[in-house]
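Questions regarding the structure given below will be posed in turn.
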Amino acid sequence: MLKEIADFLNQKIPAAKAQAVEVEVGTGHVKIEASEWLSVAKLLKNTQPFDMNVLEVVSGVDFKDRIEVNYMLASFTQNTEAMIKISLPKTGALDLVEVDSVCALWKAANFQERECFDMLGVSFRGHPDLRRILCPEDWEGFPLRKDYQVQETYQGMTVNPIEKVNQRDHHFYKEIQAKYDVKQVSFSWKGDSEGGDDEAADAEA
Amino acid sequence: MSSSPKHIKDENEDTLTPAARPREAMKSELLTLNMGPQHPATHGVLRVEIKTDSEVVAEATPYLGYLHRCMEKHSENVDYRGVIPFVDRMDYLAAINMEWGYVLAVEKMLGVEVPKRAEYLRVIVGELQRVASHLMFFGTYAIDLGAFSPFLYAFQDREQILRLFEELSGARLLYNYFWIGGVWNDATDSQLKRIEEFCDTMDENLKKYHSLVGENSIFIGRTANVGIMDTQMCLDFGATGPVLRGSGFARDLRKAKPYSLYSELDFDIITGTGAKGTLGDCWDRYDVRMREMHESLKIIRQCLAGIEAGPVMGKVKKIIKLPEGEIFMSTECPRGELGYHIVSDGAAKPYRVKVKSSCFTHVGMLPEVAPGLLIADFVATIGSIDIVLGEVDR
Amino acid sequence: MSTPTISQESKAHYIVQEPLTLTGWFRNVFGAIKSVTTGMGITFKYIYGVKPVSIEYPEVREVLPENSRSRLFNDVENCISCLQCANACPVDCIYITAVKRGADAPKIKTKDGTPIRLDLVQYTIDTALCCYCGLCTTVCPTECLTHTTDYEFASYTIGDMKYDYLAPDIRAWRHRIVK
């Protein structure tokens, strides 16, 4: 299925450089060039053997140097599914990356692309109403990026104020360390006064 | 609707007295109503800004995010087992089905084989959860339309399911029952017997409930020909589940891409008929859910007949590490198809968990379907797509 | 945002009903009578035929099933401070500090015979954060950390929700553990 799509795309739009990636475990995908995405989408939706009449989800994934946007296309009439992957090079934590919107083809793209914009900072060219959807309008940064930093103040309120972060157990740890030999003490929680409770996941004795 | 909180904004304010304004200008003036976030008819914390012309909705804009709990971000910081409690909290009315998709995706990546008894238990529990979720829909939808007692009847039956789940999994709502490789706890014979008895009484009760609500002339008047979502619209928006089936399009993932034991089981795909009005109206969506419960009970009976003794947990390593790669796995949940896109970089924690939520797509249909509806009918439409805001906002 | 107006061409999702005919009127009357009689019939059946299912809470207390997941309890005498529960916890609400026992200290064992090599100096669970998922109790090797079936533990301050299992007062509800 993926191979057919890739061959077909290469025949019609050589600039898309479609490349089918079949995998042993998990879901394979077709990788295409970001610049040709809109014409590829049009073709896949309107060509009969594929007939991708449903856009299931737009799923963005952040990597160190790039943001990958995965489009799960499905044909409910043919009962097929295909993942189209677009890779967008990233410059900074707060910089937007751009790709064409497919709102005109699938109305489902409206909300899905807004979510992707909100969470990963992917700007969709030609989207009719590109606003944040889950975060408040005035939120800064894109939460699902790996290099995301929580803003310090929001609307005059301190985010994660120090008095709300668990300090008591941290002090207890320090006391015990002072009392006994440091190497003898094991602790389940890295009581970091700068970080919040969420940082504790890595605490491995 | 007079009890709904009103927030009136005068958008085109002018200095003329009402009498001095031309009639046409008065007609075109739209009133902004703010429905939600705390409103009993929005089934949670959904806020919809409605622009109305007298009582007719001209435009509806949903505002989401009031229940956003960063579930996807949290999942990146816990191990694969630890994601399951978070997943539970998305759709708190069908937590079992939420777990199922995630667990299936991870198992598929790991190549774990689930014991047969565990598969049977999963289907039984999953279908019971579907019944419980649809009962909740039945009750709350009746409340939306002004009938109170069906809610109590529905809860009486739902309570039995919850009680059973409590004995099986230890919790009433957020189960953490499906584990990677099987299920947490085995069911005893007496519990299975109780499920069988429940199926029999439930079949009778459902018929009674349908004659009470579905055939009621007021209910038909409120729902038939209201909020029509035709097949083309559903496909455009990627709607799934009872919303798509209510429009007459037969697609059920349990048949289309059978997972678990569904390929061996005998059941029908329920589609809307348009018996009381137009195909794809609120009554059809209600009817699809009611008839789906009978199918679920049919599936449960088949599983109870076929269940065999054996272990309920497969062999899974203590620290779960998925091979590098990604997977997209969908399952059929009570409210539609739920997909998990899990990206792994080979570490003990998921690199990315993206949830394709059906409720999220269904909320996207509201601005399209709202223009031209009366406000009371808009409430009926919101109720009929049966959203859970926990799943919309995640 | 500009103010929209309803255009006449906009898709009519709301279908205006046809004018009422005489047969239609009689059908309506018949439908109403039928709806009322079925509805009332079922209601009366519930009044006399169905036993009440709700319980009067403060007088009658429900006993939860045995494996119900409610308040956590750690039997610190059997704890070997392996930190597995804290690592399994998805919300990180378990705080443990342990100090290595000296070589000359007397050797102690748990109930099932596992030697205790670490002295527990802190075992705190912030129950306000706990999500009662049960992941911590299943990894516990000595089964000292258990979910009890005790569900009445509301408190006035959030600080009270933090349970120090080494404190003596916590033993007051030890007897409630289901074994």
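Order of writing sets the labels: A, B and C. Residues in every chain begin at 1.
To be clear about the criterion, contacts are C-beta pairs under 8 Å (C-beta built on N, C-alpha and C of every residue); 3 or more make two chains touch, one makes a residue touch a chain.
Just so it is clear, the model here is predicted, and its values are computed rather than measured.
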**Closest chain to the centre of mass proxy, which here is the mean CA position** = B
**Request:** Would you mind checking which chain's C-alpha centre is most distant from the centre of chain B?
**Result:** A
**Request:** Return the chain pair with more inter-chain C-beta contacts, choosing between A-C and B-C.
**Result:** B-C
**Request:** Indicate the whole-number Å distance between the mean C-alpha point of chain A and the mean C-alpha point of chain B.
**Result:** 24
**Request:** Return the distance between the CA-based centres of chain A and chain C, expressed in whole Å.
**Result:** 31
**Message:** Counting only Cα atoms for the centres, state how far chain B is from chain C in Å.
**Reply:** 21
**Two or more partner chains touched - positions in chain A** = 198, 201
**Asked** What positions in chain B touch 2 or more of the other chains?
**Response** 78
**Item:** Interfacial residue positions of chain C with respect to chain B in the complex
**Value:** 3-6, 10-15, 17, 28, 31-32, 34-35, 38-39, 42-43, 46, 53, 64-65, 67-69, 88-90, 131-135, 138, 147
**Message:** Quick check on the complex: what are the chain C residues that touch chain A?
**Reply:** 81, 83, 86-87, 92, 94-100, 118, 121-122, 124, 126, 129
**Residues of chain B defined as touching chain A within the complex** = 64-65, 68, 70, 72-73, 77-78, 108-109, 111, 235-238, 244, 249, 251, 256-257, 323, 325-330, 337, 339, 341, 343, 351-352, 354, 356, 360-361, 363-364, 368, 393-394
**Message:** If we count contacts the way the header does, which residues on chain B are in touch with chain C in the complex?
**Reply:** 11-12, 28-30, 51, 53, 56, 58-59, 74, 78-79, 81-86, 88-89, 149, 153, 156, 159, 166-167, 170-171, 174, 176, 184-185, 208, 211-212, 215-218, 220, 225-228, 277-278, 369-374, 377
**Fill in**
In the complex, chain A touches chain C at residues 166, 169, 172-173, 176, 180, 184-189, 197-198, 200-201, 203-205
